[in-house]
Amino acid sequence: MMRTRKFAELTWKEIQGEIKQDAGIILPIGSTEQHGYHLPLATDAMLAEDLALAAAGQTNMLVAPPVTYGYRSRPLTGGGQSFPGTTSLSGKVLMSMIEDLLCEFMRHGFKKIVLLNWHFENQNFIYEAAYTALERMGKLEGVVDGPKIMVMELSFSELSDDTMDLLFASEFPGWGTEHAAILETSLMLHLHPELVQFEKAVNDQAEQTPWYDVLPIPSKMVPESGTLWKARLADKKKGEAAWREITDNAAASIHNEFSTTVKI
Amino acid sequence: MMRTRKFAELTWKEIQGEIKQDAGIILPIGSTEQHGYHLPLATDAMLAEDLALAAAGQTNMLVAPPVTYGYRSRPLTGGGQSFPGTTSLSGKVLMSMIEDLLCEFMRHGFKKIVLLNWHFENQNFIYEAAYTALERMGKLEGVVDGPKIMVMELSFSELSDDTMDLLFASEFPGWGTEHAAILETSLMLHLHPELVQFEKAVNDQAEQTPWYDVLPIPSKMVPESGTLWKARLADKKKGEAAWREITDNAAASIHNEFSTTVKI
Amino acid sequence: MMRTRKFAELTWKEIQGEIKQDAGIILPIGSTEQHGYHLPLATDAMLAEDLALAAAGQTNMLVAPPVTYGYRSRPLTGGGQSFPGTTSLSGKVLMSMIEDLLCEFMRHGFKKIVLLNWHFENQNFIYEAAYTALERMGKLEGVVDGPKIMVMELSFSELSDDTMDLLFASEFPGWGTEHAAILETSLMLHLHPELVQFEKAVNDQAEQTPWYDVLPIPSKMVPESGTLWKARLADKKKGEAAWREITDNAAASIHNEFSTTVKI
Amino acid sequence: MMRTRKFAELTWKEIQGEIKQDAGIILPIGSTEQHGYHLPLATDAMLAEDLALAAAGQTNMLVAPPVTYGYRSRPLTGGGQSFPGTTSLSGKVLMSMIEDLLCEFMRHGFKKIVLLNWHFENQNFIYEAAYTALERMGKLEGVVDGPKIMVMELSFSELSDDTMDLLFASEFPGWGTEHAAILETSLMLHLHPELVQFEKAVNDQAEQTPWYDVLPIPSKMVPESGTLWKARLADKKKGEAAWREITDNAAASIHNEFSTTVKI
Amino acid sequence: MMRTRKFAELTWKEIQGEIKQDAGIILPIGSTEQHGYHLPLATDAMLAEDLALAAAGQTNMLVAPPVTYGYRSRPLTGGGQSFPGTTSLSGKVLMSMIEDLLCEFMRHGFKKIVLLNWHFENQNFIYEAAYTALERMGKLEGVVDGPKIMVMELSFSELSDDTMDLLFASEFPGWGTEHAAILETSLMLHLHPELVQFEKAVNDQAEQTPWYDVLPIPSKMVPESGTLWKARLADKKKGEAAWREITDNAAASIHNEFSTTVKI
Amino acid sequence: MMRTRKFAELTWKEIQGEIKQDAGIILPIGSTEQHGYHLPLATDAMLAEDLALAAAGQTNMLVAPPVTYGYRSRPLTGGGQSFPGTTSLSGKVLMSMIEDLLCEFMRHGFKKIVLLNWHFENQNFIYEAAYTALERMGKLEGVVDGPKIMVMELSFSELSDDTMDLLFASEFPGWGTEHAAILETSLMLHLHPELVQFEKAVNDQAEQTPWYDVLPIPSKMVPESGTLWKARLADKKKGEAAWREITDNAAASIHNEFSTTVKI
């Protein structure tokens, strides 16, 4: 068994060995974004990497150093760019960076590649990076034994009804709004309790959450705390239950898609 | 009353007059994308422009020439790029083009600008274009009497329960999957019946629609027809009802956001 | 016979059929630019598309949705950027957009591609887009049965002496200066009389028209009306005669270059 | 009097002094492009710099190191890219380079800037570079005492009737076709006779010179020699006469535009 | 005292408080690059972040999430790109990413910014990113109380003679060649012994190390192991001594440059 | 024997002949940068081209028109951007330009290509251009008989101990600081005495030269004269001796690397 799944903690010789044994690679993608009064800026980046590590262990994958800076926060799904600390890349730079990394993985010989995202606003930019990377490598048309990229943009969206009930009872506000709120707080309480200042957590919401966006960002669309929903309803047990499903689901999807045998 | 709301059919002198009277401008954004056996490639672009014209009449807005080529079609929401005729722009080019246009509108003196989208995959690229355009003009921080951009990425998503029932009964597959299916076919039957070959319409769906994407595009995720759901359930009446709500909703949102008086 | 030559009004299945029968595709390229007191901003875009449709009918070509926003207006050939309504793309964005579209057409399987321009200032940007698109597809070196791109930058420049006499008598100011003046006004009177406000047309010219340009644009190089020459000399009959030659010439050139049989 | 007009042969302290005395700067722009059997690749770059130096002496301008690599050669005006030695920049790179240089000149404090071109295909790219440079410096709107850029794209196009007669008699083929032919050969015989191998000069022309372009470049549009017209009709005397007019014209235009006093 | 110096482990409210107290920010920049048989790919990224944290504690700075992917490895200083696992960004993407991040830090209100590099090949790209970020923010000309960026490209280059002697005796090969060799191995033995497989360390060198580079990379310039010098001479004690000097030096430089009082 | 080694002074037919005989090509890369009170801005560009011509004569190489504008001057190695006359390209534009040129040389059929730099700050940008050019041409993986690019970034760094003693006695300040000082002044006295105003030369140095950079550039890091070291110690004899070694070394390196026979 591998002593670590972390790509960057291995030597080049070990990487070479892994590739020969047909290992895959997961690139976790997060953000550095405000998560209310109680959660650290790193929340998305940590959850993305944690999920990748959990899934990697079951599927013979390595985990590359995460993309820790993501696309700009949008008011209705992350509070927007105006909070000190929310540190983002423009869409073009994010895409170019991921494209470069994918081309490197393909150059190394990886055939099984996963982009595992935990930041709502990264959607589409990630998909486009996968598209242009394949185009640049001349691998856009599927070929036998060519590289295959899974693009997992919404890793948290497939919870069972039971878990949804446990988390939200009857009050699910939609995944966009569920920022720095019940799910993320619960997960962080489960995974990184030392980084959660739960006593500062609040239930909050924007004055208005229309179906469209406005720029420059109007204050009415941004809750003061940066928490977009009811963080105080979070607890460790909810986190544990949700995490089990999320990791199982990610691992199963990777497993199925690549027809890998689970490693023991 | 204006003889036309179409920006491009006016002279520069008329545009000048409109701007002096504080008119706004809507940029419709669509795509050139397969829409099954029965709908034209122009479906998204036509619906975006139709909606803009309907809303413009009630809100003292002009309608700019539409963005007719959009971001790449994705399998789970548009069938993907492999259909002949689906003609798309890369993410970077789409963003740059919209950014350029927004800067031009601001340069002309428009203060009320709407990006009105009818192509699921354009999301985020449109928002980013609005962001970088404001940044380039030095107007990202809201200023009194500065330009304001509404970003309407999902103009069709706010239907009433009644209309949802009329359209989908109990079988709503999600807006992503509703491509070239009940809503779009119904709307086109209502608005452009001469371009609908309803006799060719089919109910269809992909063999698999997982929660993630895969590139190169696997055939199992692409229905043969390009219709992602049940187009045969469409009819003109559904289209009429949905269209009334969609146009009212867009006009009301624009009206509220810009506090314009409806023009008579 | 095709019910329409408009690419975007067809279904993907119809496009597939056309490609199998070796149809070509024309991309009309225009602008959204001031055309004096009497002509709409859309003049270039409309003439480009009209010409494409006229030529397409004789040559088994389809007509793609036009590029309606072109390169910046220059004072000596279009009045310059300072008129409200003149809405342009930067050179890089225009080139990138056309490059993307050409690559898409080649990906679909089109072998016969025409870029048909009706905006003086688009020159060179269009040619470069064709060059880089072929380079990106690895098709820059001519190969048997490879794609071929015609770049028609000055579709209006080949009139017979008779027609030149009819249009200009002895007073031809050069094609650059002939903006929103005799030719374009005459053509619009012939093709879209409902969009011409001929009563507002003026004869005008800039105070100075040196052989070089100056930036920032000096007012001495810009006529107040935006009409660079004598629009009042235009009439429908001139338009009809010129249009016949222009369309015949474009169709004949396409026909000859691609050795297509004229379709009946 | 300055010991040299060459910007790059001065020290920074001398440049500082020149700027204080309100000197201007000319950037010559040429190409590295085939010019038939008898002229060097440097022809355009040399003529651009020669002209700049001639004009600079009369107008208190400095001459920056020339842009020696220009935009791609086009078949109908330069023979096209297929000749060994024709070494070109893409349109985007050429524009970006000139934009960077213009911003540097403005940063130094130059108010009078001239882009002096001698390569047909550079047109529009040069203008756009001037536009975007001013935009980047926030100087696009003319301000009192702000920088002013003259864009001289066709420095050779203003010859008197007498000189045109002397050069071409009744057979002027247009400036595009006049590549490596009568004018350029005559000028080089006058200015750099040691670099002209006149014994190798030929009269030549392409098999076809339609009004449109085709890519990939068809051989019928490219004369074997690279000379597009009648080089053998060139002589030193024609060169001398044309050069006098061209330099006088450039100097007078610069002088008039900047209202500078001719320096003695 | 702060519970952590890690920017990303704080909440936005804590960041806001830090900025009000005039805290600075350090961005560590490393690479993901082969480091011989015995050191992990993360070596540069870890050393960059370790150094940042050590210096931050003495200077009231925060430490942003590190740039873990750097510019391409070059043969003479890192073994080159051909080792599996060496995962790099192109120069343009690296610069753009750092530029974006710097602009974000300035937007947050940081005045004291440090780029702290531990990857030889990142030089110049980092400096340019600082330059263009300031240009984009309009802060390139120094202003009172404006942001100031320290660019520390070679943090390891200032060792005392004693430490140089301890490390290299009389055999210092130059910092470029000292890759995965004495210094880095010693530091990792001191800081992260659990990630060093010292038993696999070798003394190695390329067959040829000329003063120039060659592309494609010739094998004669690449040692088989990826270690460019004598890794076996490393030990923990050397690492401890060098680390003390390097961290003291970085902290003192930051302290002096920003005239900050050391925080207690 | 060739009448000239200058690529641009040849005709395309002569270039074709040279390529057939397997000639190589050198691209000299310099800068337009302040060099103290006594040396011209062109110093780097002239030395780069002189060196290329000297080496070319011994190695069957041609010399392309030099890159005369280089990357921005940095305070510790060139005085920084604040001197009037220092005219630089951004890193991205410099890289893109060299990439374009390299692709052109490869397209012409050159197999032996040398990038010969004489401007400290161009490092890494030049290497990256060579890398991306090969990637774009699909030639990054070495192939038999494929093109090979030598990247000579520090052509002056290999002097013998004797020459170093002659130049610097015991006081060598490092190559970065040796700007506009002993070596460059001596070389210019030897090669272009008419462009050296030696009476204005000074010994100078910055108030502080720390191991890191700071932006915006602080005045303490910039010597008033722009000379970073002791220019008055220069003389013609030192220049002659150093030049002999530098040119021999460059020629020998090129010769060895390409296994060319020295031409007679």
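Should a chain be cited, it is by its letter among A, B, C, D, E and F, assigned in written order, with residues numbered from 1 in that chain.
We take it that a contact is a pair of C-beta atoms (placed from the backbone, for glycine too) under 8 Å apart; a residue touches a chain by one contact, two chains touch by 3 or more.
Keep in mind that what you see is a predicted model, and the values were worked out from it rather than measured.
The chains that touch chain B as well as chain C do not exist here; no chain meets both. Separation of chain B from chain E in touch steps, taking the shortest path, is 2. Interface of chain E with chain F: the two copies contact each other largely through the same residue positions, with over half of all numbers used appearing on both sides. The pair from A-B, D-F or E-F that reproduces the interface of B-C, where over half of the contact pairs by residue number are the same, turns out to be D-F.
Farthest from chain F, judged by the mean position of CA atoms in each chain, is B.
Simply put, chain A must spin 180° to overlay its Cα atoms on chain D, rounded in steps of 5. Mean C-alpha position of chain A lies 27 Å from that of chain E. Chain geometry summary: the mean Cα position of chain B and that of chain F are 55 Å apart.
Chain C has its Cα centroid 47 Å from the Cα centroid of chain A.
Touching two or more other chains at once are residues 90, 92 of chain D. The touching chains form a single ring; listed from chain B in the chain C direction they are B, C, D, F, E, A. Within the complex, the chain F residues that touch chain D are 6-13, 15-16, 19, 32, 34-42, 45, 64-65, 68-69, 83-90, 92-93, 96-97, 100-101, 104-105, 108-109, 195, 197, 200, 226. Of all residues in chain E, only 71-72, 74, 90-92, 95, 121, 123-125, 127-128, 130-132, 134, 139-142, 146, 148-154, 157-158, 210-218, 253, 257 touch chain F in the complex they form.
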